[in-house]
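Some structures to go through are shown next.
One chain, subunit A, appears in both complexes that follow, with subunit B as partner in the first and subunit C in the second.
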Partner chain A sequence: MTTPPNRFRRRVPVSAVALRVLVALLYVFLLAPLVIIVVISFSSNQYLSFPPTGFSLRWYAELPAETTFIQGMQTTLITASITTLIVLLIGVPASIALARYEVPGRGAISAFFLSPLLVPSVVLALGLVLTLGPLGLTNTYQGIVIGHVSITLPYVIRTTLMSLTTADTSSEEAARVLGANGWAVFRLITLPIIRPGVIAGGIVAFVVSFDEAVISLFVAESGKPTLPVQILRYVADSADAAVAALSVVLILFSVVIVVLVERVMGLRRTLI
Partner chain B sequence: MSATTSIAVPRLPGADDLPPGHGVHEHRSRRRDRRTFWALAAPGLLGLAVTYLLPLLYMVRMAFNRGKPDGFIEQTFTLDTLIKPLTDSYYWKVTLDTFLMGLVVAAICVVISYPLALFLTRSTSRYKSLLIALAIAPLLTSAVVRTYGWMVILGGAGLVNSTLMHLGLVTVPLRLTNNMTGVVIGLVEIFMPYAILVMMSGFGRLDPRLEEAAASLGARPRAVFARITLPLTLPALLSAFLLIFVLSISSFITTNLLGGGAVHVLATEIYDQATGLLNWPFAAALSVILLVLFGVVIAIYQTVTRRLRLDA
Partner chain C sequence: MSTPKLALVDLTKRYQPGLAPAVDHLNMEVEEGHLVALLGPSGCGKTTTLRMVAGLMDPTAGRIVVDGEDITSIPVHRRGMGMVFQSYALFPHMNVAANVAFGLRMRRLPKSERLERVRRALDMVQLGYLAERETKALSGGQQQRIALARALVVEPTLLLLDEPLSNLDAKLRESMRGEIRAIQQRTGATTLFVTHDQDEALDMADRIAVMNGGLIEQFGEPSEVYERPRTRFVAEFIGRANLLDATVVADRGPSGADERRYDVQVPGFGAVGAVGAPGLTGATRTMLVRPHRVQVHCDPGASGSPGTVESVSYTGDSVGYRVRVGDRAQLAEAPTDGRIAAPGDVVRLDWDPASAYLLPEEEER
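On to the complex of A and B.
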């Protein structure tokens, strides 16, 4: 009678340690590409060698002089900001409609709003370049924004919907019964409730647009290359250290975003 | 809709202090609700129609045109362009490679994300939320940047080859980039956070008390896993598999950069046809094939999950 518990007790720690080692290895694998870029961004040699023969800040010092990168950053910031503004303006009302009003076919409409996430971006990008080309909108800010609206809208709708469906509706009804009109109910009751969802959705929409490369590549490669497109083109030619410092800037930007989203709504709830 | 009201109304007489003629009021307010719904949803629907539905429809229409050798497009309505890749063994191979790449990436990704997702779900560590954030945060970093990281790690003078040669394990650098090996490694890592997210949200059904009960009734750890843990987490595993498959077969950046022109899948062929050769009808035809592949896989997935649900 005494052996089974003993064996049991001995087995659990071994498997627990094994699991921990496995988990640690998986984290190494998962974070390896980001860590390695940070390491080589401080390397003093242009051509890759491991371990780096010396460390320097020369790639960071050269960044501000790279006018193409500065222009790319400008294009990216402008288009990501406008995209975010547009998807918030059209996405938040749509979420309220989906959460608060019952109409036939609501499920289908909701699926339609989320469907752009499933369409391969190469396919959507091709459709966009075919449509925008004849209209003269390729290689313009407008073209990039149009391309990014559909792929960022689902995030805003999802996070706003989540805030709306988890919130208690009784205070909205109470306000309505007490005579508040639709706009007053929205401004005084609904908006404060959904603010975290809207902010988190807006942040994610911004970062998705900021990082998007495929649609921007198709729609605006030659005239208005965004930062990810520039890095893509540079890296396709040579994967040396020169572009690492710029990548680190993007990684730091993402870290700030992650912390913000985690604070506002929780990263996991926002992304699923 | 009418069914719910016909049930709800007789059940609630006098529950609310309803004024006489309530039915008429309710009817009118429901009509107003419907108007409000469409007014609120219209900008979003219009936005999606213009920036998403229209381009996709136009792309499908383009697949029925004919691309001429001089780069011009013959406006017509023909099935020739769509049939051409189906009669060409090269495009059969490209489609098959796309499909196999999706299967391999999804399988590896799901298998290695599973222990991590289980660990994170069960963890009672004080650093649990930090560990979760660390596992899914890479989602918010640029895929271009992460692919670049893999090029640095796997390249001829990269971390892996430098280390191996330093240790004297190989004399010639292993070819880990510009081929399918590199693409699969890169895609697995890039899609891991998605798999972890989907699995963790599906693991809510996994009640630790069931596993404890089985163990206390004498089940060995392996039996607990096979009879309790795995069946309960299988639906989430399948969802993760489908998502990663779908993401893999449509991935372009990683296949393009780590494939280095030597990996030909549908996404890279679409890009080459559209921007290199300017054969838009043919690029559109390949896109239609990719979309059909999508539809088939999603249909299979739905049949499988429905069958699983019937079994349960």
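On to the complex of A and C.
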């Protein structure tokens, strides 16, 4: 590398400093709410307020007794897990069909699968209530899962399609010539090669489903409230700081997922 | 005649209705144990032909016959072929041994036999020591040889190679030619070898199929294709060529088994000798003279047609000349031991009449 002439070198730090300040401000802006929640979770205040007047661990101690949270967590874990499973079972074969076979109207089908990303969730939620109601599926696990599958499918299809289109198809062809039938090619070649994309899609689907509030609220508020719904309700009528403690637990939960994925296969490789 | 190992009968592939076919009623027979090069410029349908033989692509029409049996409708995974792709296509998530073992695994061979055959296949390409390595870290030449071992370990009915050397650097390419040829002869695998490189084809093949626009222009031994091209295209694609317009004046008697010597009239050269098929007297034909058969005389008193040297290129092994004779430039390649002419010099060109060949009349296409 050649050194730039002096007169340029002088100016670079100014813009670099400006950039750093900007980035730092952005981080503060993004992270401040999280920091505030963590601080409140350790406060002795009765209500959600800032700054704290004293410190205590009482909100953490009370969490296990808060049955609405425990039940909400249960509902959320069940629906998010089933959603992830179903969305992978639909999304991966659909992506393979789109990427590897001459499907008539391929463009239209891709657009259809990706369209829920563009439809406002409120609209989707309303549509779901009107459809699921007559079928008796509101306020059930099935209802929530159907809603969540429709919003998470695009993520799985996108990440899987991405892996499929960047992978070299000739190794699949080499396997076929060597005697592998369609299923063997999928199991032994395609799936291992696209595994990072599939796992990334699965994680995103799980997290989106875990976090989703609008559809859950519309579809199953009274029957099977998920954790985000419970949190909304809780904040609406009691507003004490137990919610902050719960939030910290959820933050730790996501950190654990990220660390696990990073350990198992490298998150950067998964998401890019 | 014994049945050929492979016969292609009117094989045709049309990718889109309305467009010209990529492969157009192609007919070819390959003898057991031969290495046949499919040679032609990019886009002439070589890969398409190979993929149809492999079963990776359905022909629009025509048949593929192996050992007398029509396999056109047998799916790819039951054809028992071995194929090496241009990109090698090693399985990125498997180590070298698992790559080579894949075909045996699909054939459900017992593990002990698999291990033994993988070991032998890797020894054959001299890469036994890499068995446990990941494939990503290997060099192009190593990947290439592993792809070859993976294809050969299943003892394929046919070995199909799609430009296997084109991703290697020039030096390695030369040495891999010999290596692939030696392995092919040792295993006796009947082989279709796709290439756009005429040197590769001349060097390695038992037979060359010169393809152009989805058709085989000529099928024959390397020397035949080089010395007796059937068309202008073949003459120009294989090696360098001087192509001259010749009017055949008189028949001078037999030359070899089924050719005749003729006196011909060539603009700029006057009356010269040439050989060709019988019955050409009175006809006009394209005459081929390979540059290295042209003799360049610097001595002004020598025989031959005078011409002016336009450019000289010295390669060490030989000297290449462009010489203007009349209104056209001709190529000549001379040994470096004589006097080397300079641009602007007047030289005289001639050749042994037996090395000037009158091409057969071109068929209308």
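FYI, the second predicted complex is superposed on the first by the 238 of 272 C-alpha atoms of A that agree within 3 Å, B and C clash if a C-alpha of one lies under 4 Å from a C-alpha of the other, contacts with A are read in each partner's own complex, and residues count from 1 in each chain.
FYI, a contact is a pair of C-beta atoms (placed from the backbone, for glycine too) under 8 Å apart; a residue touches a chain by one contact, two chains touch by 3 or more.
Worth saying up front: this structure is predicted, and the values here are computed from it rather than measured.
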| item | value |
| --- | --- |
| First, second, both or neither for A:176, with subunit B first and subunit C second | second |
| First (subunit B), second (subunit C), both or neither touched by A:105 | neither |
| Which of subunit B and subunit C A:96 touches, first, second, both or neither | first |
| Touched partner set for A:34, first subunit B, second subunit C, both or neither | first |
| Touching partner for A:121 - first (subunit B), second (subunit C), both, neither | first |
| Partner chain(s) touched by A:218 [first = subunit B, second = subunit C, both, neither] | first |
| Dominant toucher of subunit A (residue count), subunit B or subunit C | B |
| Residue ranges of subunit A in contact with subunit C within the complex | 168, 170-171, 173-181, 184, 188-189, 192-193 |
| Sites on subunit C touched by subunit A in the complex | 54-56, 76-83, 85-87, 89-93, 102-103, 106-107, 147, 150-151, 154, 160 |
| Subunit A-facing residues of subunit B, complex | 1, 33-34, 36-38, 40-41, 43-48, 50-52, 54-59, 62, 112-113, 115-116, 119, 129, 132-153, 155, 157-159, 162-163, 189, 192-193, 197-198, 200-201, 221, 246, 249-250, 252-253, 256-257, 267, 270-271, 274-275, 280, 283-284, 287, 290-291, 294 |
| Residues on subunit A engaged by subunit B in the complex (per definition of touch) | 11, 15, 19, 22-23, 26-27, 29-37, 40, 47-51, 86-87, 89-91, 93-94, 96-98, 101-104, 106, 109, 112-113, 116, 118-124, 126-132, 146-147, 149-150, 153, 157, 182, 204, 207, 210-211, 213-214, 218, 221, 228, 231-232, 235-236, 239, 243-244, 247, 250-251, 254-255, 257-258, 261-262, 267-268, 271-272 |
